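In the part that follows, the structures are each spelled out as structure tokens.
Two complexes are shown next, each including chain A; its partner changes from chain B in the first to chain C in the second.
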Partner chain A sequence: MINFLILPILVPLITAVILIFLNKSVIAQRWVSGLSAFVTVILSALLVNKVKNDGIQTLNLSNWDAPFGITLVSDMLSALLVLTTSIVAFACIIYSFKGIGEAREKHHFYAALQFLIVGVNGAFTTGDIFNLFVFFEVMLMSSYALILLGGTNIQLRESIKYILVNVISSGLFVIAVGYLYSVVGTLNMAHIAERISEISGISQPGVISIIGIIFLIVFGLKGAIFPLYFWLPGSYYAPPAPVMAIFGALLTKVGVYSIIRTYSLFFYEDGGYVQQVIMILAILTIIAGIIGALAYWDVKKIIIYNIIVAVGVILFGVSTMNENALTGSIFYLIHDMIIKAALFLLVGLMATISGTNNLKQMGGLIKNYPGFSWTFFLAALALSGIPPLSGFVGKVLIVQGGFSSEYFIGAAIVLASSLFVLISIMKIFINGVWGEPKTYANEKSVPYKQLLIAPVILVILSICYGVGADFVYPYISQAAESLINTNIYIDAVLKE
Partner chain B sequence: MEERKLKTSNVILQSMTKVLLFLIMIFSIYIFFAGHYTPGGGFVGGLLTSGAILLLLLAYDLQTVRNILPVNFLYMVAVGLVFAIGTGVGSLIFDKPFLTHAFGDIHVPILGELHLHTATLFDLGVYLVVVGVTMSIIQTIGGDDE
Partner chain C sequence: METIMSILVGVLFTIGTYLILTKSLIRIILGTSIISHGVHLLILTMGGLKSGGPPLLGIGTTTFTDALPQALILTAIVINFATTALFLVLSYRAYQELGTDNTAEMRGDENE
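So, the complex of A and B:
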């Protein structure tokens, strides 16, 4: 079936519409959204398999040929990211059944969540730069709804900042697309890549570099890289745990994916200027993230700053532009999406049990909640990259790639960052999980066992991902292949 | 202060509304159908329709308009989305790429031969979403005091 690659976008979209009709019945909403998320996971897994067997899948919407209509492209990278998105969304929906509260569920929580998945899956799949913008907006609009839903004071305050920053960056995105369109005269990403390689042979590529930097600012604002991450710690702190998990796992990663996609396709032929800028910013991002992660005694803030560290690590791997490091980056990207979702859900559970976010007021959770404690321990080890677990392979490849391209300082900082990440996450473990057991006011009313299901699923997946790295590796290297050898991508879209 | 108990009456506004409402509605429907060959389409048509309903809201009050149009506008958005997605999904059944539209001359009993295009159905979806969204916004903000 030629339309197969649109199904991971279409199924959540149809579900969201059904959920608007079902807004009276919370039970029906849970069933429909849970089932549809599960179907999406299966469909995207089948899509990964299809891309593995048959190569890059393309779909010309409305039956218009490639540069003229909108093309959806599923290469291995986007198929894998769509699969990861679906898994994370499924886990967050399961957690929401008990973890979000009926008041929010009645006010279109699940519909907004499904629209968010539409936006993220669409942004990963599209092959058209303006369509990418539209899917960004779909994703952002639903994230505005999710960040605001509930209407507590902190949510209202932070959503204003969040919306303001994103409106400005979306404005810049349109401007950047306008510049690019006036230079190359096309919007199809493969066609833009072809045109850019034509003009940079003849005249000066200066204007392309400028557009590249504007795109970097745009996607940097979405993906929280060094000087542009200022909005993230406050905004992600406001919403409840499942929303936080879906934000932390998906939204910044869409920005990172867009950087990877545009830089591998468009802006690589200018003598490495843009590349160097990304590398320096990536290293500064890592440092800024580490400082934040070490500074706080607030469990949510620590994980939030770890997002920023991870974005820096992934972008460092991308900016070296050698095959090892790119493979490592993709490895790390997928690992990070899964493990960040797991950690946010776990930390949310921790905060629900103890009734506080402050580490100094927690302690001794291992006595009464051993299941939670060991899951958290495994997630913490996976995050910092202890060998059999999932964070290891990606980081090793990134560091290896960094050293082989002789970026010693950057690679050393990536290595050192693991240590600091481990310190920051072990601080949570030592202070919150070990020590004297305390009694908390509301702990009896927490549906602990049901809430633990989703993070356990994610942690098990993350362990399998690390242990089965041999099995996953061919998929990842196929994804890196189409980034390095962009002709595969261009030929698949333009059918030459 | 003098006692201010002057009786106000909206009789002119209300009777003009009764006439203008139909004119605006007909114009919005005309704009909607003209969209394929001349400027217009679902978006402008939808805005004009909600403009007409807004005039009704200005001349009367929220409850009267709710009685005249007992529609949950949020469901109207969803129905519009069903139309828009439905025209896309329809092409899946014939194993054509998503959103491939079909057209043809169809014989309709009373109207005779008509040249019909499924893009109109998509536009109808846009129309319903626009009306639904604008009216939801206006009613939510306007009815805040309850």
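So, the complex of A and C:
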């Protein structure tokens, strides 16, 4: 079926509209959103399979030919990211059943969550630069709703900052699109790429590099790279755990995906200037993230700063622009989406059980909660990249690519970052899980077993992803293939 | 004509940036509105300001202005409108709950 690649966008959209009318009945909302999320997972898995067998899928909406209408493009990278998004969303929805509270559920929590999935899946699938902006806004609008829902003081305070930063970065995005349109006269991404290579010749004219830097600023604001990450620690701290998990796993990764997509398509011919900027920023991002992750004694803050480290590692792999490192980056991107969601859910569970975020007031969780503790231990090892688990392959390929392109300092910093990530996450484990058991006030009322289901699913998945790297590798290398040889992408969109 | 428009857009951005860097919340929201006006004018300018008929087929001219930037602006305006509405309601709620519109007083790390 030719319309297949629109289904991961369409199913959540229709579900969200239905959920708006069901807001009184919490049970119905849970069933509808859970089932629909499950269907989305199945559909996106089928989409990955289809892209694997038949190559890049494109869909011209309403029968206008490629550069004139909006084209949806699903190459292996977007199909894999759509699949990961659906899985993460499914896990977060399951966690929300017990973890978010009825008051929020009655005020359109699930509808907003489904709209967020629409935005993220759309941003991964679109082949039109302005349509990407629109899907960004769909995603951001629902994230505003999710970050605000509940209206506690900290949420009000932090969402002001979050919305302000995103309004400005959306303005910059439109400016960048305007500049690009005035230079190349088209909005279809494949067609833009073709036009840019036509006008550039040996080296790109300066204006393309400038537009490249504006895009880097825009997507860097969304994806939290070094000088533009200042909004993230506060904003992600405010909402409850499932929202935090979905933000940490998906929102910054959309920015990273956009950087990967635009840089591999548009801005690769300028003699390495933009690449150098990205590389330096990526290294600084890693360092900034590590400093934050080591500094705090707050479980949520530690994981939040680990997002920033991971964004830096992925971007370093992208900026080296060789095949190994790009494959590694994609490997690491998918691993990071899954494991960050798992860790946020686990940390949320930890904070619910102990009633505090402060590590110094926790201790001895392993005595009463062994299931939670060992899940957390495995997630921590996977995050820092211990060999059989999922973080390993990606990082190895990134480091290998970095060394083979002779970027020794950057690759060494990526290696060292693993150590510091392990220290920061083991700090949670040693102080929170080991030690003298303490009594916590609201221990009894926590539906511990139900809340543990979602993170366990994610951690098992992440272990399978690491152990079965041989099975996943052909998919990932196909994704990297269309980034390195962009003609595949361009020809698929502008066929004949 | 494009030069004058570019200068105007620059002025709008300057004012917007200045307002966003102030402390009062309502000034910040006004600043974002002014910046978005600048953004919309910029798209229109970047699409070219050559003279031609409005993009309506019923009009009997041979040259038309570029229709694409107008569609982009229309989309961007609506999105911006929604965001601004949300932002205004949020600042109203924040004023009710936090009792201040001074962003310097909205600090702190404590979880309340």
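By definition in this document, the second predicted complex is superposed on the first by the 493 of 496 C-alpha atoms of A that agree within 3 Å, B and C clash if a C-alpha of one lies under 4 Å from a C-alpha of the other, contacts with A are read in each partner's own complex, and residues count from 1 in each chain.
Convention: contacts are C-beta pairs under 8 Å (C-beta built on N, C-alpha and C of every residue); 3 or more make two chains touch, one makes a residue touch a chain.
In this text, all values refer to a predicted model and were calculated from it rather than measured experimentally.
In the superposition on chain A, contact of A:A380 is made with neither chain B nor chain C. Applying the stated contact rule after C-alpha superposition, one finds that A:N60 touches chain B and leaves chain C untouched.
In the superposition on chain A, A:I6 contacts chain B only, with no contact to chain C. More residues of chain A are touched by C (comparison of chain B with chain C).
Once chain A of one complex is fitted onto chain A of the other, the partner contacts of A:I14 are limited to chain B, with no touch recorded for chain C.
Looking at the shared chain after the overlay, A:V134 reaches chain C, while chain B stays out of its contact range.
With both structures placed on the common chain, the touch criterion links A:I163 to chain C but leaves chain B unconnected.
On chain A, the positions that touch chain C within their shared complex are 130, 133-134, 137, 141, 144, 148, 151-154, 156-157, 159-160, 163-164, 167-168, 170-171, 174-175, 177-179, 181-182, 187, 237, 357.
Interface residues of chain A, counted against chain B in their complex, comprise 1-3, 6, 10, 13-14, 17, 20-21, 23, 59-63.
Residues 74-75, 77-78, 81-82, 85, 88-89, 92, 95-101 of chain B are the ones that touch chain A when the two sit in their complex. Chain contact summary for the complex, chain C toward chain A: residues 20, 25, 28, 32, 35-36, 38-40, 42-43, 46-48, 68-69, 72, 75-76, 79-80, 82-83, 86-87, 90-91, 93-94, 97-98, 103, 106, 108, 110-112.
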